[in-house]
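Encoded as structure tokens, here's the structure I'll be asking about.
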Amino acid sequence: MTPYVHPHSKKAGMPPGMFIHVGVKRTEGTILELFSYDSGTVREHSSADADEIISLVNPAAVNWINVSGLSQTETVGRLCEHFGVHPLTIEDILNTGQRPKIEDHEGYLFISLKMLYPDESGGKILYEQVSLILSDHLVITFQEEAKNDVFDQLRERIRTAKGRIRGQGPDYLAYSIIDAVVDQYYVVLERIGERIEAVEELLVQNPTRETLGDIHSLKNEMLLLRRFIWPLREVIAFLERAETDLITDGMMIYFRDVYDHTIQVIDTTELYRDIISGMLDTYLSSLSNRMNEVMKVLTVFASIFIPLTFIVGIYGMNFDYMPELRWHWGYPALWVVMLAVVVSMFVYFRKKRWI
Amino acid sequence: MTPYVHPHSKKAGMPPGMFIHVGVKRTEGTILELFSYDSGTVREHSSADADEIISLVNPAAVNWINVSGLSQTETVGRLCEHFGVHPLTIEDILNTGQRPKIEDHEGYLFISLKMLYPDESGGKILYEQVSLILSDHLVITFQEEAKNDVFDQLRERIRTAKGRIRGQGPDYLAYSIIDAVVDQYYVVLERIGERIEAVEELLVQNPTRETLGDIHSLKNEMLLLRRFIWPLREVIAFLERAETDLITDGMMIYFRDVYDHTIQVIDTTELYRDIISGMLDTYLSSLSNRMNEVMKVLTVFASIFIPLTFIVGIYGMNFDYMPELRWHWGYPALWVVMLAVVVSMFVYFRKKRWI
Amino acid sequence: MTPYVHPHSKKAGMPPGMFIHVGVKRTEGTILELFSYDSGTVREHSSADADEIISLVNPAAVNWINVSGLSQTETVGRLCEHFGVHPLTIEDILNTGQRPKIEDHEGYLFISLKMLYPDESGGKILYEQVSLILSDHLVITFQEEAKNDVFDQLRERIRTAKGRIRGQGPDYLAYSIIDAVVDQYYVVLERIGERIEAVEELLVQNPTRETLGDIHSLKNEMLLLRRFIWPLREVIAFLERAETDLITDGMMIYFRDVYDHTIQVIDTTELYRDIISGMLDTYLSSLSNRMNEVMKVLTVFASIFIPLTFIVGIYGMNFDYMPELRWHWGYPALWVVMLAVVVSMFVYFRKKRWI
Amino acid sequence: MTPYVHPHSKKAGMPPGMFIHVGVKRTEGTILELFSYDSGTVREHSSADADEIISLVNPAAVNWINVSGLSQTETVGRLCEHFGVHPLTIEDILNTGQRPKIEDHEGYLFISLKMLYPDESGGKILYEQVSLILSDHLVITFQEEAKNDVFDQLRERIRTAKGRIRGQGPDYLAYSIIDAVVDQYYVVLERIGERIEAVEELLVQNPTRETLGDIHSLKNEMLLLRRFIWPLREVIAFLERAETDLITDGMMIYFRDVYDHTIQVIDTTELYRDIISGMLDTYLSSLSNRMNEVMKVLTVFASIFIPLTFIVGIYGMNFDYMPELRWHWGYPALWVVMLAVVVSMFVYFRKKRWI
Amino acid sequence: MTPYVHPHSKKAGMPPGMFIHVGVKRTEGTILELFSYDSGTVREHSSADADEIISLVNPAAVNWINVSGLSQTETVGRLCEHFGVHPLTIEDILNTGQRPKIEDHEGYLFISLKMLYPDESGGKILYEQVSLILSDHLVITFQEEAKNDVFDQLRERIRTAKGRIRGQGPDYLAYSIIDAVVDQYYVVLERIGERIEAVEELLVQNPTRETLGDIHSLKNEMLLLRRFIWPLREVIAFLERAETDLITDGMMIYFRDVYDHTIQVIDTTELYRDIISGMLDTYLSSLSNRMNEVMKVLTVFASIFIPLTFIVGIYGMNFDYMPELRWHWGYPALWVVMLAVVVSMFVYFRKKRWI
């Protein structure tokens, strides 16, 4: 299987509306967490049973159901169907190869995002699909894994009524979730920035074949990143325009803030791409530079010793009549000649700045 | 004949409305298959005679006529003319060098697509033109070959009333056909993804002249692919906007889904192009790297042995007065000198990291 | 004079409305041909006298005046002025360095196109400016040369009433002329496609300096071609929108067909450009590849013989005390040593895959 | 920490509206300067206490509060809150990683700019964030450092009533501040222009590895610069359209002037980028050129001496029967032969233009 | 001072509306020429005194004041102020680093253009700023130098009433001036076209380091040229739309003509850029080609003589027991062996097509 394209193909030919989890099965179970709060009270409940959670939803409060793990497709389907989610939307939630997008359905807004976080060990970027359903008094989020703690600070803010979240509606909750996801992008970009710096240092000092590999893996990672970040802009621009009743006008200023962050993230991504492609040029010219250096050493060596070897060859000849061979000072005189050749060569190469 | 441009030229100068099959004649005959169904019943009929099929069309049901093979132009012409298809549209159906497009004619919608499928043996992409006429109670599809089984699953769904297709109108049928074609693109992209991975592995291990050929053939295939995929976006965007009476408003959500798939396919195509062009850079720098290595070996060899050869040349000279030659320890001493030269060379090249 | 820019400069500073033929004078005379036809009758007349032709124009029929050769500027001026053509339009007709364009004047539509045809001998693309005036009951076309037969099939269709041209108005005639010009582009593109294939074959087999020249001349030809083809799109898009009374609404479908052809031609042009620029990359990497090969041969030769030459140099020395020289098996033993050196070298280079 | 991306990440997960200074803490304190003027009078006051400054604001005059240093977030917060600035705007003021932007809030206009100035010692570009709040009778500016004197000339003009500033409203003051910031960009671009010229001279004379480093640092600086200059265009275009009541229609002509300057700055930036990328090409081809030169020297030396060495080797052989060795004129004759070899080599290489 | 950016910086911090001539002072004085004409009469007057010229302006006729030389800023200021020109416009006239632009002020239209002409001696492009004020009955033009004769033909046409200029209003005069400026661009492009051809010929024959310099100077000149030509399009598009009362509707067709010329000029500029960047590729591949050739010569020489030198080295050894040395035909036999080596080498290299 290729790492670049999602194996959507296994659904080829199926009728729309079949709920199949397309993606790597990351966790076994599917856990649902419910937060039900208003300015005064907050209630938390966690269960693997969709109906249990559904029964606890309080239409008078703001409800946040977070679904971790998508392998139990019936649980996901049961939950979605109860809240009137269209089968095609459920398919999109279960198929984790989505492009970030927003869809305005009757009665709810569907948002699909990518959550990025750096792989702590290897430095690679990991990504996970986050789907969000925003309706009248409810926000449902779907994650592939539960272990990620991007939402932990948000949960804490709801519990402790920190900031203004408790007094606001579900649109503010949706904003807070999206903001948390986008803030995470900065973390990822900083890690990439650090790797770029590390490779730049290597490039200056001693570029090797591994450096080329590093540049290319950075480049390919940026290609993947762009794919997830660019569509995000449209998603949040839609939210900023608040073209749906589900988002109150007062939220516009908040979504404009997230929009600004997204633009900054895009800007930085493009900057990194330009820097990385500049690094490739540097690598190639440093290769040429080194070749030049090797060639100069060879040329200097060969050009100095080849004439000398010729000279000593002359006096190794066995002609009967070679007067120089008989001279008493012939041998020392030859040394003088050879020294002169070496010196003049040195002067020549020094003038050409090869030594 | 060039593989890149279709020999449209043989029609140059002809009046519009002459029905000539422009393209490679792939199959001899032309076979028409009729599916006539509503939620309750389904009837199938297959024939080579247009009039027979026309007589079986049931205006009260959804009718799907699939035409396989375009060589019998009179059959195609007869069928189209009966259903009021414009001569220029018939020309477009018969000329298999079309760009994907959609045309809103009076009484029907004409859609031209490319169906892609991987060549099972050689790994190349094959493509075939699929034309689709959508009218009031009828969908007609035209394929170049019958042997392809992309529509088989769809036929099965109609027969067995799987999914909701039997209760829907001809617009849903058209959607299902287009969806099947687009789903096939994922299959093709996955094959290309596999080939990209194979070439990337070769690039890392031992890039040869064949690797370059592979990269270029991948690149040219992506160029062809893009040509078929980009116009598809406009086609499906038109369908999504449902600007014609032939498509009911309820279909919008389905076509938006296909539109999303098309965008994903385009995204992946662009990603692949970037990756392939990065592979070319890698190939070129790996060539430079190898040249560097060759040059270093030559330089190390030459630089070590050229001075030694000079030294032994000196004592091969035949001067009458060369005191060293008479010394008893001259020969072993020379070995020591030469060893010293070799060692210092080694140290020098090691310092330069050439060895 | 440069081949790339038209010597418009000789008009610099002149007042607008001076009729000067700017361009290479291709034919001496200027010949006018009149076709005057309706569904029933067709009359043909040919003359070098503008007034004679003007007197024969039948306002009740469709009239097509084809002007071949632009050197008799007074004839052209006389004809145009009689039909109320603006002096600036006449200037544009006479100046053959126009960019394809369409202008909606009062009482007439002015279209300037480039007609392309392959040079039969050398394979180069030749181009000729075709201007078209479409008014109420009249189409006037202006060609630089008469020898070209692109319009011959069209004339034949008018004479023999083949197709539907005889029953249609001047807008259909204008469409037929433009269609004939655009169809000719396919012919040119096929020739270029053939040349691209020939160069690609050369590239694979034995790329030489001439191959590079071929690639560059292909590239520059594509640059010129694009310059003529891209503006064509806007011209025909204007006609398709039928924003003028001179074009009846029923023509829309025909111009959409030409528009599709134009888009296909543009598509193919862009595809060719990408392929040609890929050929340059292949050429450069094949150069690098060959350099690598040359270097390997040199390195293998030098690295094998340089140590051997050193060894035989040792035993060419004239030291008094060199015990090896006295050994009876010294000489054969040396051969064994040298053979061992050669073999180990071979093994080394084979391991490096240089041999 | 990477120099490219701002460590926005330390805010990840926090609720909106927390005032934290994100950026390098450049100065310890926070100083507020108030200018309160109308056509007749001008009053200046400086303090570190927000309330003191607030009490001195004269609603009947034009008031300019300049805040230098952002480390005392409470002072900044207190000032902003008093004038009804939204918490998200305050966050943007304190977070110095903003992209240039303009926001139309209720009651005020918020503008975020980058001020650039050349580093006097090293030639690098330094940048500082300038935020501007424009409301009814008030302009508040926020700078990261106080030491910069870009606004000094403006202060002088207010004090001495030079130009027309004293008779105008706060929108003219805002314009003057923005104009001063944009004018500074010219200074920075001139410095970069000088550095480009210096590098170009080096490139012509003697390009070294340091030259490559210079080109790349220029390139990366232009990448950063673009990031700050491009968004500026939208900011000033917004002002030029004067879509808010805070800007009087008469200001349009002034903002159009600043807009023109911005376009010129963008133009020059793009020109520089193209020139710098051309320099990279020159560098690479000069490397190739030099390699060619080195190779020619080696080839000339080797090709002249290798045959000579072979010739003298022949007559160093110890065959018993070598008639040439016995000839009296053998040795001088050999010199003649060798001279002939050298001369013919010279002629050959001269013909190839290698010497 | 850099040649790329105009030293706008010396105005940094100044209040708007200070009249300072920013640019190279090209001529000492400032001369004003007045043409006052209608269909019947024409009057010419020349003076250095603004008031004298002002007093001669005839409101009933078309007046053209041409100002040559901008160093006398007071004269320019006096003239402009009398005709109600805004101080910011006067600044733009005096600052010769403007980007081509058009501004619709109350009572007048301000146009800033670049006039290009080839440097007669060196082949470089010179440029000069031309500003144009079009008001009710008046056109004022500002040139940096008087020596240029671009307007001479226009003056002659006014004097001799050639063409239709004398019967038309100031908008036709403005059109004639702009037309003269744009026509001059063709002259400049033809010169560049000639230089491109010359360099292309050099590239084919014998590319040297100077050729690279020529390509780069052509490239940089095209970069500058583009900067002046692209904005021109918007300027003339504005005039074509005739959105101001100062331009009568009948002028539309004339400005469309100039617009077409501008598009042609832009087209040619882009074509030249593509050709020039193709020349760089050719240069680099010709460098690689030549390196290949050098390497082949070296390899052929070395590979032929190194084995021979080894062979003669063998028989230069002084072993006591070397039977070959004693053979009578040893020496001639060796020559045969060596000849065989040379011949087989030749065959080998011929097969590899190196000779």
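Note that the chains take the letters A, B, C, D and E in the order they are written out, and that residue 1 is the start of every chain.
By our rule, contacts are C-beta pairs under 8 Å (C-beta built on N, C-alpha and C of every residue); 3 or more make two chains touch, one makes a residue touch a chain.
Note that the coordinates shown come from a computational prediction; the quantities given were computed from them, not determined experimentally.
Novice: Starting from the defined contact criterion, work out which chains touch chain B and chain D both, please.
Specialist: A
Novice: Taking the mean of the C-alpha atoms as each chain's centre, how many Å separate chain B from chain E?
Specialist: Measuring from centre to centre gives 43 Å for this pair.
Novice: With centres defined as the mean C-alpha position, give me the chain B-chain C separation in Å.
Specialist: Chain centroid spacing, chain B to chain C, equals 27 Å.
Novice: Hunt down the residues of chain D that sit against at least two other chains at once, touch-wise.
Specialist: Residues 284, 288, 291, 295, 298, 302, 306, 309, 313, 316-318, 322.
Novice: May I ask you to sort the chain touch graph into line, ring, star, complete or other?
Specialist: Shape = ring; chains linked end to end, path closes on itself.
Novice: Give the chain order around the ring, anchored at chain D and oriented so that chain E comes second.
Specialist: Moving from chain D on to chain E and continuing, the chains are D, E, C, B, A.
Novice: Within the complex, which stretch of chain C touches chain E?
Specialist: 1-5, 7-9, 11-18, 86, 88, 91-92, 97-99, 101, 103, 105, 206, 209, 212-213, 216, 219-220, 223-224, 227, 280, 283-284, 287-288, 290-291, 294-295, 297-298, 301-302, 305-306, 308-309, 312-313, 315-318, 322, 324-326, 328, 330-331, 334
Novice: Any idea which chain E residues touch chain C in the complex?
Specialist: It is residues 150, 152-154, 157, 162-165, 176, 179-180, 183-184, 186-187, 189-190, 193-194, 196-197, 204, 253-254, 256-257, 260-261, 263-264, 267-268, 271-272, 274-275, 278, 281-282, 284-286, 288-289, 291-292, 295-296, 298-299, 302-303, 306-307, 309-310, 313-314, 316-322, 352-354 of chain E that touch chain C.
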